[in-house]
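See the structures that follow.
The same chain A turns up in both complexes below, where it pairs with chain B and then with chain C.
So, the complex of A and B:
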């Protein structure tokens, strides 16, 4: 029987080995942060600000404190500046924002933590939190774009590392282009909403602190927290063996961890915090809303002559967070004249942060919608428009792509989808009361890596052990790291133990930017190769040329252990030291001086729009992706498919609604913040296109965790245009605007 | 959640006594001295959120033997108030003879919720207005009378365009009540001062200037049964629910239709609207406009227009005027194709 979830490997692909942690997760023996039972634990409940701007005049804590079981209440009045400042994430620090936890009476955003109630039970802590009375002095807050008080700033003036990509003379080329479009798009605020909430448990043993918290960066959490608490990093251990969904939300140090650590120290007993789903909307970060203006100019036969992409992104007052997707969107197609600009817009909001394909998700919705609009203006097939402008060199600096398999992705997906049967006329394909539309778009994601380490041990009983403090966020890193060691040491994969998610292990970089597999497996392979060399194997191939276990026994050794420090191409000189501090920066994509490295894909979507009531459904989606070496076709299939389903949600469902007057989030629960349910996900087909890239890293691995979401929303918008003749340029694509015009 | 006293009801007659002795307490809904607990799918949520703070909770699930059965006869259908949503939705006779009822239940909530929630409780489920469900919003007349309505100038994509007031624009969130409205169901009610039977249409109160008073039930009154009279319109009936995703979402707009055709001529028709109104909404003028006429695009469109006369959209819900009308047209034309 063919198992669609475990496709047969093609060229340069590894076996669909079942997940290393599958049995533990299915049987419930995998312990997540909030599952860990600490003795005599006390419970914390957060109180969140009901206003977005202003200050706390006073608290009335009497009723809350009087409740039996309440132990203490932390506020700015008793914390103040007890927690030391750490740098904001994009300034090289570990913090998700630069506001001191309970640092002062000032309120900078709605939902800001303003008190922590500590009690003997969760129920009492929560009840007491409801009884805290807060007297606020309220200032009028700025909610979003164009709200009174919004401040626009060019990103380049706020972030010295940002440089707007430009080449040629856009204005002149656009003015004379025979075919052109000038269009604006927008994308909404979105929240990751991982099923596992933002739990934290802290316990002290003397001066040693152990933190149980789901994290995409345990070394960053350890070092950042030590700085905040004024203790040595060696006094902090972070344990995070399993993460129940993260998508970027668990990468940075949030305000909660230091508060729970201080509470535990104060009470002299462990403290457990599980914020509610509603609080998750402001405890962690989010994808900020964006706006775009794109101008494209082309010759009559479809050659791009001019491209301009202006992006606008909301951020908080204190932190200049931006995703600046123009780095990628200006480099996708051959074009001699390009200009771009990114503007950040400051509002009274929490600081945004990374969310799956942070830059590409919004910026490719704009770019790939615009490409479709240009194809319509040219009366040209949208696939052929991309083929005509395909390039093996990025246009800004003429740097070569290490590999680029875009058009084979389009061709294979198009074939599987049946694109040749498409009638290009909008509204021409109909099934009874349902209008059918077909659309497509390009997917792309930068291939990045960061310094990584691993310790690998081989034992005479034929077992091996891999140790690296990477993070199992559903990406299958346990499995592929184990596979790498099994292959290179010549032992069965079932004989490899893999330990991760613990700062007692060798450091691994943040699990973000789709870097984990390429970075960690490279370090594992390097350690394995050192073991091979020690045991007399001088081969350089993937599999050893001598029986390593037999040699080990022959020599009478108890074990052979090697520790590897692996550095990617282009990494800064101090990168390895930064890794040990939890601050190694991913490098790659369009940020290299000598080359550009990306993974590519193509997505084809069928939508059905009801002719009368206009609800939108996606019965069918086909994605083809080429991302270098595929380590495991099962886990890769899951990543691609998960990304595409995210794309459906991002296109049609997900939107964090913001109250324009209060500058607060409104739909902060999973009944009102919509994500696709099973009934919305019908037929999802993933095609893995073989690709060999010998440059990106010795194993030839590109990241695949995020590319699946890129372009999906544009493909869906393009399909809706084909179904209805209506062009929707604002996400989510909703019935509201379709039904009015129908 | 605040501590509360928990009682298990011993009998239908004694259950209301839990409300005795607490009459001096505030009768504002949401601060009631006592609440009945059946499936708990609304009550427990709102207690955890601190929106409802009953001093006492009376668990009526022990009364399931008396009020948990389904009886079908030539006269109609009788549903015990403690029948689970899923039980009624899966009942073959309900599916066959009263499809609008079965569909309104199947299209509501999730399988897990339908397995817990009871029919009586379903009728009384409270609005999904986010400003009501989150106590950190200070302005909500329904939760805190006189405090204002944050939804009027706030986020109101989900809110009502029919039957709302200057004090509250919350939408009645349910589906099943619309089906019952279309079929002229009656409710048996037990209470401290005896039993009575009322038409479903008189259960819910439009918000007016007292949005905190949502129903005509007196303190301690308990819905015990739902009766749906038989009629030539029940088989040609359906529930159409329009929403952003395919399942597990409240209606943006919905229509319950029951139709009696004589040849091509409309003999009787019932139209009830959901997702667009503050209470389960019967479009009686629209119904009257169709009697004696053929049901076609033109007559259905005219009726749909009539159903939304007087609608009052706000900033984000104007689309519901168009969507609601199209939903009615689609539902009417679809009903006409059903077998009678």
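So, the complex of A and C:
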């Protein structure tokens, strides 16, 4: 059966094995954090700050406390123990922001947690929370760019690790370039909005704490929480076998976990918190709004001579968070003269955080829109402009790409799309009342990895077990880790048990930065190879040269178990110890001294813009990607496709509206924060382009979770230009954008 | 038109086993918590609006008797008090569809339905579609075949909604499936695979 969801593997691709957890997920038996039944559980409901800046003068808890069933209300006045500070994650810590949970009367952002109401039932906890009266002293908050009180700072002055990429003499080259553009773009604040809410359940058994919380970094949560509570990491166990969507929102230690743990200890019974959808907008992080200015200078035949990319990103008062996508955007094309700068803009907002392709999503909207504008200025096909400036060495330090299959991606996607039939003249293609536009863009994502461990066991009954505390966020990590062990041990994939998402297992790094498959499968393969060596197989290929199970039985062994510690190229000494602390940093991409490693792709989009209403639809999108070894064409197809649809959402739908006066989010629900629904998505074609790159790691895996969203929004904007002649530079692209631009 | 709930499963559920797995472990402790709430109410002068209300629910063919706060939603009653956690809470506002169940065969948002309002009506959840080790419902199997999910959190709601979609006669074309499945958000964006799954299961459900 030909099935788009399970493409036939091409060279260097694994079989489309169905998901390891498929049955659990379609029967409702997969237990997510809030599904776990803890005995005699009490319910917590958060109270969130109604103001963005100021301080709490007083609480009146009387009416709330009088409600039958209310057990306690925690505030900064009565929490009774200070939660110890842990570092913010750009300082190497696990925390999503630097503000101590219930640490003081000060309010640093709208929605900040100011009290936790505890009750016997959820209904009473929620009712009581609405009866708490808070008297605030309100200061005028700063909402966003250009709001009164916004403070601009060059990122390099705030984060010593940041270095603005530069090479050559941009100013001179730009001044003399025969063809040039100078354009500004912006992208809005966006929230991950995984469908699973940010639940936390905590229960104590004596001095041992068990936490059920969806996490992309269980070891980080365990260690950070232990520090906050002043207990040993060995006293904390984090359990998170299934994560109901994350996209970056569940990677850091948020304020809620310590509060629930303290509440459970005070009450002497487990406590369950399921924050509301609205609270999720400030319980976790978000993608901050950005602005860009890009200048490109080229020769008349299209060779880039000068490139400048200035980025501006909103962050909070306490934390210098920035995604700094100039690291990638300055390295995509051959160009002798480049300059860049990143400026952070401090406002009274919660600290932003990682959201799917954090840096590349906004920065490639700018870069790839600008490349299209340059192509128009040159009267050149945009694919040919990329081809002319393609390079196997990044231009900043002349480091070689380990592999770069960009133009084959363009060629395969453009052929599947039918690009050769495009009339380049804007507004030239029409179907009745619909203006048709075709656009394209480059996708790219840094290939990163982190130290990882795994324990693998082989048993005489022909079964095997893989144990690693990685995180099933929908990426298919159970499945591909099981496939890796099955192949290398020569057992059927159905005979491999995979255990993950539990700090009682050997550590795996944060499931972010598209690092999980490359890191965890490398550790699994290393452990399997140790088992093979122990059983007399000295082959180094993917498949064993001896029957390992038969050998194990012959030797009368009960099992063979091996534990492996795998370190990626360029990892810092001590990285393995950091992994055990939940703080191993991903390494790779443009951060290596000797080479650069990226995955590449190309996306082609058809838009239809209604001639009268200006409604914008995306009836089809084709993406071709080359990301090294593909472990499983089924799970890979879904990840690429999901990323591309995220790109459609990022271009057309998603924007968190910010009240300019109150500095609070306005559309904090799934009816007003628009995400793509089924009717928004019609034809999505994913092409996996074979690529071999055993430099990145022995298995040759690059990581695919994020690349699908990169460049999509630019391809859509470029297609809208082609349909209408209107160049839209501010996301999201909506009917009103076209009306205003007209 | 809606048919009775037995049409939604390939074979009947073992009620004894079902009771053993859930009701005895989850519903009974709840009564303890409710009783505690009542006891503290007696210590205070105003009448207790939270006094637990005796109610009957029928879920997946099993009858449950519960004492619940009258404000308890069907979703919370099932998840927190019966122990059926397959139906998910994604928004609690009827905006995401993760809590979709069938009530008398019609798709219904359990988060917008008070438990007390569906007494004596037949509620079918994802747990009611297939026995623990038995064959999957055609819609469940189609979701597996077409990889119609990634994280899996919206999946129970998608599957229940998809069964409703087919039964309503809204699955005749891909466009109809897309439109009538748009009340169920999949943030992983498995939409094209969901459409393919509904198309496959429709043939089997009607064949």
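Assume the second predicted complex is superposed on the first by the 737 of 742 C-alpha atoms of A that agree within 3 Å, B and C clash if a C-alpha of one lies under 4 Å from a C-alpha of the other, contacts with A are read in each partner's own complex, and residues count from 1 in each chain.
Note that in this section contacts are C-beta pairs under 8 Å (C-beta built on N, C-alpha and C of every residue); 3 or more make two chains touch, one makes a residue touch a chain.
All figures in this text were calculated on a predicted structure; none of them were measured in a lab.
**Q** Return fit or clash for chain B versus chain C, each positioned on chain A through the superposition.
**A** fit
**Q** Check whether A:645 is in contact with chain B, with chain C, with both or with neither, and answer first, second, both or neither.
**A** Touch partner of A:645: chain C, not chain B.
**Q** In the overlay, answer first, second, both or neither for which of chain B and chain C A:661 touches.
**A** In the superposition, A:661 touches chain B alone.
**Q** See if chain A has more residues touched by chain B or by chain C, and give me that chain.
**A** So, of the two partners, C touches more residues of chain A.
**Q** Given Cα centres, how many degrees, to the nearest 10, is the angle at chain A formed with chain B and chain C?
**A** For this superposed arrangement the angle is about 50 degrees.
**Q** Identify the partner contact of A:48: answer first if only chain B is touched, second if only chain C is, both if each is, neither if none is.
**A** first
**Q** According to the stated criteria, A:653 is in contact with first (chain B), second (chain C), both, or neither; which is it?
**A** After superposing on A, A:653 lies in contact with chain B but is clear of chain C.
**Q** With both complexes overlaid on chain A, does A:123 touch chain B (first), chain C (second), both or neither?
**A** both
**Q** Now for A:219: first (chain B), second (chain C), both, or neither, which partner does it touch?
**A** neither
**Q** With the two structures laid over each other on chain A, which partner does A:27 touch: chain B (first), chain C (second), both, or neither?
**A** A:27 sits against chain C, while chain B stays out of touch.
**Q** Return first, second, both or neither, reflecting whether A:676 touches chain B, chain C, both chains, or no partner chain.
**A** both
**Q** Minimum C-alpha distance between chain B and chain C after superposition, to be given in whole Å.
**A** 5
**Q** Which chain A residues contact chain B in one complex and chain C in the other?
**A** Touching chain B in the first complex and chain C in the second, residues 123, 127, 669, 671, 676-680 of chain A appear in both lists.
**Q** Which positions of chain A touch chain B when the two form their complex?
**A** 48, 50, 123, 126-127, 130, 278, 610, 612-615, 617, 652-653, 657-662, 666-669, 671-672, 674, 676-680, 732, 734-737, 739-740, 742
**Q** Considering the complex alone, what residue numbers of chain C touch chain A?
**A** Checking each residue of chain C against chain A gives 25-26, 29, 32-34, 36-38, 40-41, 44, 48, 50, 69, 71-72, 76, 79-80, 83-93, 95-96, 98, 125-127, 129-130, 132, 136, 140-141, 143-156, 159, 177-179, 181-196.
**Q** Quick check: in the complex, which residue numbers of chain A touch chain C?
**A** 3-6, 18-19, 21-32, 34-35, 37, 39-40, 66-69, 120-124, 127, 192-197, 242-247, 274, 276-277, 472-476, 634-635, 637-639, 641-642, 645-646, 649, 669-671, 675-684
**Q** State the interface residues of chain B toward chain A in the complex, per the touch definition above.
**A** It comes out as residues 1-3, 48, 50, 128, 130-131, 133-138, 150, 153-155, 157-158, 242-250, 252-253, 318-319, 322-323, 326-327, 329-330.
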